[in-house]
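Sharing a structure with you now.
Chain lettering (A, B and C) follows the sequence in which the chains are written, and residue indices restart at 1 in each chain.
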């Protein structure tokens, strides 16, 4: 039996399960907030074209609008200035094989409970590797914080001095890129960087280093608690937008049942 | 003397809501000058530019010298009630439903004889003071009032027909986040509003005025005027008890067409300022339209807060002004669509407001308290156009004088070498 | 001002009134044709012999007198359309008389008629006049009821009239109407009923108001030789006046346009109020009747209430007035309301009034009043008729 036939059998028997890591696109889902004089990320919006009525008697459909970076979304290297001159740096140019690959999940739930501004360090990653083995090259690395279980004002956690949410340190990201050769980095928060990352050096280090190295980002993920630390396969294929810097997408993971 | 109006009892759910009817709307073109003055609460009559004779009813030629140059001027409002009647029967449904109706003949000290509505506190054959108001057909009418204000005169059923007084009404302010929201809510409560709702977009984003609104007793409800579903959802919830809608949602950024690199802010301006009004109208309009004869807390008015650049573009805020022109035009469309029910559309025009976006403009700037005060006064007088602050009044005067000259005044270039 | 040329040689003949009807499904054309035929038959004149035609009507739309000529198969050499409501009979007579005198026409039929559909009155109000539309109807939409209520209120304040005075006029006219088979009102009216009637626009109550109805009225104007040659009873036209928008400086109407021209009327007719045997006033509301008593010279300004108290206004009384019942009791058939008094006066002085006939009535005064354009009636007219040949 071929691998794919085996996989199809496993999917139908349930021994391989598909986990949805995506938030519903909802007009009220938070987006990143920048100082108001900057351009802003558009919220998801949906307008009826017709609903089995005088505008179209037998069909219902909507026009939708949003940013490339609204909801659960994918960041391409061209999203950041550090990746702007790379080849194949936009969503339409990335080779499709990059959209499917192994995924490891770093559990930072406890650390985040203790510190909303928790910063994932190189040491944390090395500690994780002691338990789960070295992160395989070309893996997606997802930072699990259970942040996706927050809603409303708790999600952005915006205060007078800006948002407060966990993210990786510059050192941790560089380690993952330079020494582990990861494919990309994903979070449950609104960005791959922590809420206070504007004050880091460089600002927004995850964005800066990931995209500068031609790697990808995933944000606003959900259901990371349903994934094993290792062994799952992630499907994350953005829309094929010409010169697109990112895209909302459906992120799925295949997990073998215990 | 007028008896106090009390909050209405809860509505009998078995009773059909009264369908709106209207007084006659048809008028001569000349007569619309009265409506134009009443829309701003001004009592004006035609005067001959040649012989200065006052005219009433409105004419196309001077009754004294046949000059056709007549202009609308404010005139001394005092007069004497020389005859009166209480109409007990009328073939017109609107009046039939509101019988008895008091009206009378007033001779103005300045000469003209006016048939007018009579306030109930006017004594027989007494001295009166005339005011102009818009009736439920949206046309200017003249009302004889007591010379001295009487207590509770605004509670008279006649005045409830001719105004959109917030007293005992339930009012939705569409943007709780706007810096003017607390001041508007406070003024409305001070004017006797029964309930003030405030629409809050993006509850996941904190803002300082929220606690202020809560302390005032405002009911904060989710509402994002850029999100159709959100607007529909709130309308489903409170559309049937929104008596006055104050649309204070406004997106403003500096810049014109070329001084911006993209259409991003322009889209936001159109989404909030123009399409937002349209979404609100589509969701709240039908219920408000059907409730304009619904007793003491009937639906009464729709208020837009507009930037005076709607009349002529102000280059520094050129793209924003364009969105305001669109909103202004849409407000006129709403007036037409609300005409049949008698729901009023009041536009409150301001100059630059005292906030972050107009920081670099010199004073005078309009404070939230001024907006709130003028808004309530406008509703109490049933106005259609309120000019709030010196700049708005100035632009209005220039616009009336010559719109082209105003355009040129507002679009000066730099002097160059 | 010099007196106008005499109307000598001009006569009125062939009075005809249709039976009035509260509501009609027929048109103004129908009602006008009925009255015209009535007068033609009464005078034994063929339709083709008419060479002049004068029409008053509110409900002919979209037609005018012009359309009626084709509708009724007339070919007049002289045509008039008189939109003056209650003053139209006097105005029609003045114009027709001069046309006949000058030889522009030989026999002129003056006809007024209107229908009254269920919704006619409301529709008539809605397009009555520009000033009413702009400045009167928006204020309670009481129509003429409200206008006359204001005049009545002021008249009462100014001259001390009380409701009983107006009531006496209405009650007397009802008494007269009971003798007129064409009248809409068939039941007697008591002063108590008048005083306790449903209020319409204070101080006006139900019996102060005319009853709008359908009906028509017609008479002919010709030279005396023409009437003699045909052997038709006729009356001479002694004098006639009209006036429009008089006293515009008066803040409220307490007098009509008659006061401007009344001396010329009496002078032209070479008689005085004491010589009048029967008076027909325009009576859409009793207050205007009182004003006519004063303005035509039957009593001093402000004394009409007392005059009414001191006289019997019925057919057999010392001051026979509105002998057909007038509009208040016969009904107001639109523009025919402007003709009812003249046609009745013509019957009276030609001895053709039947049950309403005043004994030895030789001189009659008919006055008309019409068109509340804004706050007052603008048109006034008056005509004095004198017996020529009686039936």
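FYI, a residue touches a chain if its C-beta (ideal position, glycine included) is under 8 Å from a C-beta of that chain, and two chains touch if they have at least 3 such contacts.
All values derive from a computational prediction rather than experimental measurement.
No other pair of chains has as many C-beta pairs in contact as B-C. The most central chain, judged by C-alpha centres against the centre of all protein C-alpha atoms, is B.
Distance from the chain A centre to the chain B centre is 49 Å, each centre being the mean of its Cα atoms. If you average the Cα atoms of chain A and of chain C, the two centres end up 94 Å apart. Contacts with at least two other chains are made by no residue of chain C. By the touch rule above, chain C contacts chain B in their complex via residues 121-122, 125-126, 130-131, 133-143, 145-146, 149-151, 153-154, 157, 198-204, 248, 251-252, 374-375.
For chain B in complex with chain A, the touching residues are 202-206, 222, 224, 226-230, 253, 262, 264-265, 268, 356. Per the touch definition, chain B reaches chain C in the complex via residues 23-24, 26-28, 30-31, 56-58, 63, 82-92, 94-95, 100-105, 107, 113-117, 125, 135, 137, 139, 141.
Contacts from chain A toward chain B in the complex involve residues 27-28, 30, 33, 36-37, 39-40, 43, 45-48, 151-156, 158-159.
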